[in-house]
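In the part that follows, the structures are each spelled out as structure tokens.
First chain A sits with chain B, and in the next complex the same chain sits with chain C.
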Partner chain A sequence: MITTLLIGILAPLVLGPALLLISPKLKSNLGWLALFIPLISILAIVKVGLSVYSNHVINAMTLSMDWVPSLGINFSFLVDGVSLFFGLVVSIMGLLVVLYSKYYLHETVQDNGRFYCYLMLFMSAMLGTVFANNLIVLLVFWEFTGITSFLLIGFSHEKKDSRRGALMAFITTGFTGLLLLAGLILLTILFETSDFSKIVSLIGNNSLATIFSASQLPYLKAAMALILIGAFGKSAQFPFQYWLPNAMAAPTPVSAYLHSAAMVKLGIFLTVRMYPVFKTLSGWNETLLWVGFITMTIGGIFSFLSNDLKGILAYTTVSQLGFLIGFYGLGTLGLEHDFFQILNHVFYKGSLFMVAGIIIHSIGTKDIRKIGGLASVMPLTAITATIAGLSMAGIPGTMGFVSKEIMVSKVLELVTVNGGGIYWLFPACLFISAMCLIATSLRFIYHCFYRKIQDSTLSIHKPKLMFQLPPFMLSLGALFLGLFPETGGHLLNQLNSGIHHVSPSHLAIFHGINEPLLFGLSIITTGFILFAVAQAVNWRFTGIPKSLLFETHFLSLISGIKLLGKEIGEKLHVDKQQNYLTIIISFFVIAFWYLGFNTILSTVLPIFNLDYLEQDTLHFIHLIAGSLLAISSICIIAARRTISKFISLSVTGFLVGFYFMLYKAPDLALTQMLIEAAALALVLILFSKMPKTLNKPIESVDYLSSGFKLIISIGFGAMMTSLILVSTLPSSFKHMGKYFIDNTLSLAKGSNAVNTILVDFRGFDTMGEITVLVVATLGILGMLATKNKKIGASDD
Partner chain B sequence: MINTKSHILESVSRLIFLFIIIFSIYLFLKGHNEPGGGFIAGIAASIPLILLAMSLGVPTVQRVLKIDSLSLAATGLILAYGTSFIPTLLGYPFLFQKMIHTHIPILGELHIGTPVLFDLGVFMVVVGVSTKIIFSFLETVNSKEKG
Partner chain C sequence: MLLFSSIIIGIMFTVAIYLILENRLLPVLFGFGLLTHAANLAILTMSKNPIGKVAPIIKSGVTNYVDPLPQALILTAIVIGFGVTAFLVVLIYRLYTASGTTRIVTLFNEEISTK
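Let's look at the complex of A and B:
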């Protein structure tokens, strides 16, 4: 069964890039071929789903395969109601979006191979995330959705808006994704397993407070907060809601997919997944409630104030996501019919985004103030938009109405359970946002389709029937579930039963006259009044105040970080080597002597005597080499011309090579000599570039800075000396050298231990070193290139 | 020093070029049992190249070399990584190395193994990197003097 599931998840990942290869041959017909990929995934998921379905219940099943067994990380997948529901939503929406894209891309985008490829990669990432059982696997796929959505949002990369939107989405979701990583690792450490299903079975029906001691609870809370931030970032919850409207720069099929069914639902998915873990932790419900309801209200009001067709839909999405998050915050009250709520949003929002795409495609503008009278051109789309828009508004007879009624009754129940007070804010938020959504939906339907043509200069291009079909199918779904909520709710509840352990109440259009119904009707009435009033003043008040747009704050934060970095860089004078070398070296010297002075005093000095040095037969010749080294080092300091200093430095280097020779280290000596030769050549080349003044004897001396540098130099020299003394102490460490020398012939088949260490024993180090060499070269080339450019620029 | 043409430098660097290159090959081959190896041989091989570049100019040396130094370094890196990763595909541990011992008539005993390939990679990286750095410095200096 794991193979079937893996085929379902990985088929898009493998076949997506293949589309890229054959796209030049098929051109616009590629869309037909691309349809098969989501179809494969759907069939695979259905097959896996049927295998766990029996007696109207889904029995959760884990499937796993080893990946990094030593860290307890396996390719482990969980098939249960939650993953099947989200998996099916993602893959079926994927199918519809591919069908829709085929017509959308037909004329507008040339490289459609790239488009389908990204779309398929994204789909694979989504499926992987929702089916993952291992938390680390979940995170890997989660981040992969971030990367692929970056590619999709920034698909029209030649436009500045796309790049900005893509970057904003990427930075926000990437940053929150990092926090999620921290949260998941914390959870793994606390439960000593990274398998989600094991964590859930560990908890069972116990409260977290009984499993963990009081000292561990703060860590649990931290894990919860980090995981929630991850979810909020992905689902564009307050205060991260700014990225979603900006991501509307994406091609419309992408918006329809990412922002109705897929990416933004991941946060919701994570909340559902983590619900069994954190439900008993205090703060979980409260956070979800507050964040959800604040987001819902902000989104509702902003959608009412927008003029951009896709901007309106983006803010209604933000609002609806807040609604869903808030719904889970209701605790056990919010677990009934949660999938119904999610599916409702998928249906109407996916449909509306596609409608918006059709409108933009055929009329060429997305400013709602210029659009009008489209009902006669595209009657099918007008019907679609009416159904979906009314569902968004929550008018009786649609799925939206049922969904809103559930919410209202639950929120009112929450108020009575908690005894009113501050809890009255929640119905108030619901009232405001629902009212705004109704007015916005009515505006969307009426302005786009039923009013007179506004701008006669716009030429209208009639869309093909097949282009209009996918949104129509989605809206039919919304209508069906709205008219027969009982049937739909029953089906969804079977998916739901696995993990939540809630037996839901029955769904119906009409429950009799009760509080929620009256509340709902009053929302609808005020919504209509709001629309009428706005219509009367001709929507002159629209436009969102700049100071309330979080993206401006976000952008200034980003530029602030850049500025701070520049400021620090200037303060430290990193552009001047002398300055930063002084800083780095003094730091090391001070830290070393501050931390290590006592140790050196107590360990090195007592053992240090000449006997120990004489072990290696201190010859006359060693003394000569040593004193020559000392003389040449003094020459470096004493020489008056720079070139003399360089030559003295070189002499010192050669003498060090000689010294190695005396201690029977021919490899080191050879390397030292050769390096010295190459370095001398480099110095000589550079010398011709130095300003002429450098070669003049230094006349005035700044005693203060020279004194400081002298102290630092002596400190550094003393540090190196003591380090060498410590490392050569007879008994301080168990030396590895002996092992290498003993085994070089038997294990590495070479008698030169130095070289067998390099290529055999520590070959991995060598690999790293040569990589660093190449990278450093690239760095130098880059620096020289900018230098050359500057010279060239100044010549012009 | 560099832009004024020195006939002595030119003749000497031409003369010693071959000797140092042969010496570096010797160092490379001897590496496993005596002082030498890819790293040292790499530096030894790059020194005559640098000398030639200083006397004849970078473009001449690059024309003679036929391959760009950076590509040489990159090839070496791929070679080193390849010899380390390929064993994992065959089911051996990472960096697994194999030696062959055969007897070739006239020439004598031959010990050869995958470490030689790895070392060759190191050699190529060192030659590529050191010549690339110094050549580009040379070019920068020369272009500035011309400008």
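Let's look at the complex of A and C:
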């Protein structure tokens, strides 16, 4: 069964790029071929679904393959009501969108191979996300939807709007996706498994507070908050709602897919998925309620104020997504008919987006103020838009009405259960947004299709019948479920997955005269009045105040981050080598003395007792050699000419060789002398090649003041001195040298312990050393062999 | 001897860091060379006071050898240090013949202006 499911999920991923390859041969006929890919996915999902379906119940099943077993991460999938519902919505909607794109792209987009490829990749990512059982697998697919949606939204990448919208969506969902990652990892740590089904079975019917101790609860809350932010970012909830209207720069089929059925539903999906995990945690329902209702209200009002055809639909989407999130927040009163609500939105919003695409395609403008009288040109689309629009408005007889009535009854129940007070805000929010949505829907239908032509300069060309078919099919779905909610509800309740009521309430168009009906009717009445009033003033008030558009704040935030980076970069001068060296070294010195001053004092000062000094014998010859060493190194700074500086360095090198001698290290002394002689010869030869100007006294034009440099250097020197003193304390470490002394004769057959360490005990280190020398030699040869590309000075 | 050595090494480190912070490449090179010497000596002090001990060449009847391990480490370090110094010398020479300056600021400014 896992193979079938994997075919369903991965077929678009594999076949999508294949479309790209054959697109030059097929040109616009590619759309027909592309139709088969979602079809494969649908069939695979249906087959998997039927295999777990028996006696009107879906028995959840996990399918698993090893992926990273060492981390407990399996490539595991969960087939249950939730995943089957979302999987079917995604793939069927995918099929319709491909059919629709076939006609939409026909004339507007040249490279449709790329388009179908992105679309298929996106579909694969969506299917992977909804079927994922392992949280890590879920996140991988989740992020993949982010990447592919970026490609889709920014499809017309030569337009600035597209790039901006794509980037905005990507940054927002990418950022919240990172938080989601943190949340999921936290959840994995808390439950000690990353398998969702295992987590759910661990919880069972218990409350989280009984499973976890009080000290762990804050972590659970953090995980919940992070996961919710991830969901809100993807579903464009307040305060992330700004990216959705901007993503409307995408080609319309993309909007129809991403913003009705797919991408934005992922947040809803995640909420449903995590529902059984967090339902008993305090704060879960409250967060969903508040965020959902705030988003719903903002979306409703903004859609009422928009003039852009797709902008209107974008804000109604934001509003509807808030509606859905808020609906889950009402979950304490029993989760039921949520799939009905989601399907309702998929049907009417997908249909309306496609209608908008048809209008834009045939008239060439998105400004609703210029559109009018299209009913005579495209009667089928007019019917489609009317059904879908009325469903969005929630007029009796449509799916929207049934959906809204469920919501109203739940919200009123919430108010009664909690005894009024602040809870009256929720019905108020619902009232305002629903009222705005009604007025907006009526405007959409009336202005586009039924009023007389507004701008006679626009040429309208008639869309093909097949082009109008996919939205019509969707609106028929909305009509069917609206007229027969009982059948529809019954069908959807088969997808029960343990989180829903066992016996959900009955769905019907008419329940008798009751509170929700009256509430709903009063919304409709005020909605119509609002429309009439707006119509009377000719919608002159429309346009959203810029300060309320979060996107401006978002953009200034982004540019602020850029500016901050630039400022810091300029302040640090990281493009100048000696400045960042200064910063690194001074940080090192300051950190050392700040943190270690007391420790150093308490360990170094006691050293200076008589006992220590008595043991620390010093011969006259040492004193002479050491003093010479110090003097010659100071001479390197003091000398004015480069050549004198170099001679001082060389003298220091030879003195170091002598000092090695005093330390009873004849091998070192010998090597040091030889090397020093070689280095002296090398540099002198090169100096003779360089012009005399280089040997002029160096004038002091240093960027840093010498005083500052001196302070840092002395700090560094003092640090090294004290480190040496601390590390040579009698008890500070055990000597390994004794092992080599003892074994050099018996194991390595050599009396010189230093030599045997190099060639025998640690022979591989010497190999490494030789390698370094070879690499350095090759580098030098390379540098000397290349010819000068003249940049400034003359070539000698 | 330890106290004295550590102070001398401290002075060498001071000079080396001072040179490395200069804005010409040649002093940086010299500073680098000095830093190598100072680091080698710092490692050598780990074999404690050598007075009264003999070099680690095994002879019968002798037990008070100095620690051979730091010496072996330094021997490697000297050779690698030479390799790096030689590389730096040639690099600076090439930089000079290519751009006519060894002043770092000028080098970078030129790079910026040619962008």
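One rule holds in what follows: the second predicted complex is superposed on the first by the 585 of 796 C-alpha atoms of A that agree within 3 Å, B and C clash if a C-alpha of one lies under 4 Å from a C-alpha of the other, contacts with A are read in each partner's own complex, and residues count from 1 in each chain.
Just so we're on the same page, contacts are C-beta pairs under 8 Å (C-beta built on N, C-alpha and C of every residue); 3 or more make two chains touch, one makes a residue touch a chain.
Computed from a predicted structure; not experimentally measured.
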item	value
Touching partner for A:666 - first (chain B), second (chain C), both, neither	both
Contacts of A:688 with chain B and chain C, given as first, second, both or neither	first
First (chain B), second (chain C), both or neither touched by A:780	both
Touched chain A residues, chain B compared with chain C	C
Partner chain(s) touched by A:677 [first = chain B, second = chain C, both, neither]	first
Chain B versus chain C as contact partner of A:752, first or second or both or neither	both
Touching partner for A:653 - first (chain B), second (chain C), both, neither	second
Contacts of A:630 with chain B and chain C, given as first, second, both or neither	second
Partner chain(s) touched by A:767 [first = chain B, second = chain C, both, neither]	first
Doubly contacted chain A residues - partners chain C and chain B	666-667, 671, 675, 678, 682, 686, 689, 751-752, 754, 758, 766, 773, 776-777, 780, 784, 788, 791, 795
Residue ranges of chain A in contact with chain B within the complex	666-667, 670-671, 674-675, 677-678, 681-682, 684-689, 748-752, 754-756, 758-760, 763-764, 766-767, 770-771, 773-774, 776-777, 780-781, 784, 787-788, 791, 795
Complex contact set, residues of chain C against chain A	1-24, 26-28, 30, 33-34, 37-38, 40-42, 44-59, 65-72, 74-76, 78-87, 89-91, 93-94, 96-102, 104-105, 108, 110, 112, 114
Residues of chain B touching chain A in the complex	1-3, 27, 31-40, 43-44, 46-47, 50-51, 54, 70, 73-74, 76-77, 80-81, 84, 94-95, 97, 99, 111, 113, 115, 118-119, 121-122, 125-126, 128-130, 132-134, 136-138, 140-141, 143-145, 147
Touching residues on chain A, where the partner in the complex is chain C	575-578, 581-582, 585, 607-608, 613, 615-619, 622-623, 626-627, 629-630, 633-634, 636-637, 642, 645-646, 649, 652-653, 656, 659-660, 662-668, 671-672, 675, 678-679, 682-683, 686, 689-690, 694, 698, 701-704, 709-710, 712-714, 716-718, 720-721, 723-725, 727-728, 735-737, 740-741, 744-745, 751-754, 757-758, 762, 765-766, 769, 772-773, 776-777, 779-780, 783-784, 786, 788-796
